[in-house]
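Could you have a look at this structure, given as structure tokens, before my questions?
The first chain written gets the first letter, and so on, giving A, B, C and D; residue counts start at 1 in each chain.
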Amino acid sequence: MSMPQVFFAYLAGMITVLSLLVVTRKNPVHSVLWMLVMFLHIAALYLSLNAEFLAAIQIIVYAGAILVLFLFVIMLLNLRKEETEKRFQNQWPFSVGVGVVLAIFSVSIVGKITVIAPLGQYTVEAVRSEGSVMTIGKVLYTDFLLPFEIASLLLLVAIVGAVVLAKRRLE
Amino acid sequence: MDLIQFIMTLIVIGVFLLHVAFVQYFERKALGHMQSRLGPMRVGWHGLLQPIADSVKLLFKEDIMPANADKPIFYLAPIIGVVAAITSLAVIPIWPGFSIANLNIGILFILALSSVGAYSIVLAGWASNSKYSFLGGLRSSAQVISYEIAMGLSLVGVMMLAGSANLTDIVNAQSKSWFILYQPVACLIFVLSALAETNRVPFDLTEAESELVAGYATEYSGFRWALFFMAEYAGMFVMSALGAVCFLGGWNGPDFGIFANVPKIIWFLLKVYGCIFTYFWLRATLPRYRYDQLMNLGWKIFIPLSLANIVVTGLVRVLWKG
Amino acid sequence: MTTSEFVKKIFFVEILKGLGLTFKHMVNPAITRQYPQEKREPVPGSRGLHALVRNPETGREKCVGCGLCAAMCPSQCIHIYTSEGDDHKKVVDRYEIEVLRCVFCAFCVEACPFGAVVLTEHFEYSGYTREEFYYTKERLLENWDKFMTGDKGKIYFERFWRPKSEDFGAQPVVRAEERAEK
Amino acid sequence: MVPLNWYIVLSAIVFSIGVFGFLSRRNLIIIFMSIELMLNSVNISLVAFSHYLQSMRGQMLVFFVITVAAAEAAIGLAILIAFYRNKPTVKVDEINLLKG
């Protein structure tokens, strides 16, 4: 195995193990912590795929905002007593079955496919000479301008919705 | 990754930790004189060896673990803080041509690590199984989320002026004049958000002595507490360095007369220590903010103001350069 | 909000004033004393560690064991044990002061009709055990020898306490003026 | 060089784990986290495609997925808090108010 393959093997193994830990831990805070470690590994995977801006965004948004939000809610609801209760629903063997079947199915399919598509202009060298941030910025504000605006609208709706939902009734 | 760079990294980390220790001495001295006191005077000449004495004392203190604490997280929390703070140093350009990692996403890297650093406080507060710690952790998580937005947005103006998120490029773009002249509002927002990010007065609600004993660090003692202490001061150092790089021109100094021969790192350190002194100066002057005031300031003033700053900067840049 | 208030608010005028004040204080010399190296002279007659007055004629304590000091003491830190001597006179067996309980109000000095108990100017006493601060009669007498040597004791009574056991004549200068001169 | 398929296989496995967590856990917060897990697995394959096809579209899509994830987390947790005020539980099998 070459060096990138060893690197990938480590990251892939860790991401798999960590995601298993995330869905099986009894204590939600431990889940969040494992998820944080998993996000860091995914960010490292993005770095190996030459997407450094996304790696930074992954940590800033996922680890810095979303996961802190989760942690905040867990702490706000103070779920300590629930740690003693059972963590899985009654149909959990069925869920395991679904997960395993899905995994075998998709792996057996996507493991064999070969992707044939025209190569784009953003080679590793091209991105590196211009910088990841600038490349993404240029694409974002030309080809993807409309989706970008829609995304900002979506965030606005999310902000308003969150405020409305979480606000205590005044009466 | 060659050996020389590795050794260089070790040296930088060592010197950095020494700086962190003496920033604490500097704070006690500065605060003391601002209150007409002297500060530490006993250990060594004018108390210069005080940080070393303190660290020796903290190393040998008893390590207390509260009952019902979540042990792994309790152990892990201070380490996350220190690692995040020290790793942030990697992208700071220290003198021309030297930063441990010259990343294209330097500013984003620091923002990312500061958000990871917030976990240390939140998890410490949760794992201690103490109400004071818990309140400190909750406050910290809300505070860091809110102020990180303002800080990131205030740095966007700098990135727009320099045309890059690489800190070395940002410093090079300031060789003529500093960005604080073009971005005074962003600088102000950055300074205040940095105060909130590092949990310093007037935004030190996470450890507010008069309300929460010591906030998230209430249950910590000995070496673990020392790690928190180190993380706080390392974070302060990194934030000051970021401020110096983004707004005060980094290593750029006057280049006429005898000033041209001064090593560039001296200018950098002077600016960093100037920023750190501002931290202490504000601490000696301002009282603590109330929690709702803090949130109002962050969401209702800083974020709109920094957005407006971005718009104005963009407009001016487009109109000016055509 | 008037215009000037608005301007003051956005330019942080008040905060800048405060910053200026702290900076001024930083430049001003500090008022700290480096205690063990530079000691402050205690004000004459200040209330420090206790002592029992030694009668120069007999070489024993002046105290007769009347117990007025113990009765007056608000913190009840004086314990006196007496017995009947050979010539049916009261003999003070034990005269003990728990210094850790004392609040240094000097009521005992004012109460004593014989000027037998004093508070010396000595204030630097420290120790590792409670027993060290349980002063017996002998140790209190030693304190007198140590801290009220020579005429000092006489001056102490004349200037500050003037017990009724001796006639000190008219009241001399007022104490406040005395301190002001120092 | 790592084959593209490896990334997609990793993505598929993580997605399956997310599905398993989504179906089996009782805690609503963990279910939300399973959704995040699935979104992340998709992101991995998108970034891998973007890299191997030398196109920016995959990364753009990841960008928007992260946006949607942030919005979803904010709204979902707000709903959770609003619900928690009515009935103090976060267990999905106890959230059955319509059942009466």
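Miscellaneous remarks
Everything below uses one rule, namely that contacts are C-beta pairs under 8 Å (C-beta built on N, C-alpha and C of every residue); 3 or more make two chains touch, one makes a residue touch a chain.
The structure presented is a predicted model; accordingly, all values stated were derived computationally and were not measured.
As a whole-number value, the distance joining the C-alpha centres of chain B and chain D reads 33 Å.
Separating the CA-averaged centres of chain A and chain C is a span of 72 Å.
With centres set at the average Cα position, the gap from chain C to chain D is 74 Å.
Averaged C-alpha coordinates give centres for chain B and chain C that are 49 Å from one another. Shared contact sites, meaning residues of chain A that touch two or more other chains, fall at 53, 57, 65, 69, 76. In chain B, there is no position where the chain touches two or more neighbouring chains simultaneously. If touching chains are joined by edges, the resulting network of the protein chains shown is an open path.
Listed by label, the pairs of touching chains are A-B, A-D, B-C.
Here chain B touches chain C in the complex through residues 30, 32-38, 41, 281-282, 284-286, going by the rule given at the top. Residues of chain B that touch chain A in their complex: 70, 73, 76, 103-105, 108-109, 111-116, 118-119, 122-123, 125-126, 134, 137-138, 141-142, 144-145, 148, 152, 164-166.
Interface residues of chain A, counted against chain B in their complex, comprise 27, 29-30, 33, 36, 40, 52-53, 55-57, 59-60, 63-65, 68-69, 71-72, 75-76, 131-134. Residues 15, 18-19, 21-23, 25-26, 28, 30-32, 34 of chain C touch chain B in their complex. Partner chain D is touched in their complex by these residues of chain A: 2, 4-5, 8, 12, 15-16, 19-20, 22-24, 28, 31-32, 35, 38-39, 42, 45-46, 48-51, 53-54, 57-58, 61-62, 65-66, 69-70, 73-74, 76-77, 79, 82, 85-92, 94-96, 98-100, 102-103, 106-107, 110-113, 115, 117-124, 135-136, 139-140, 143-144, 147, 151, 154-155, 157-159, 161-163, 165-166, 168.
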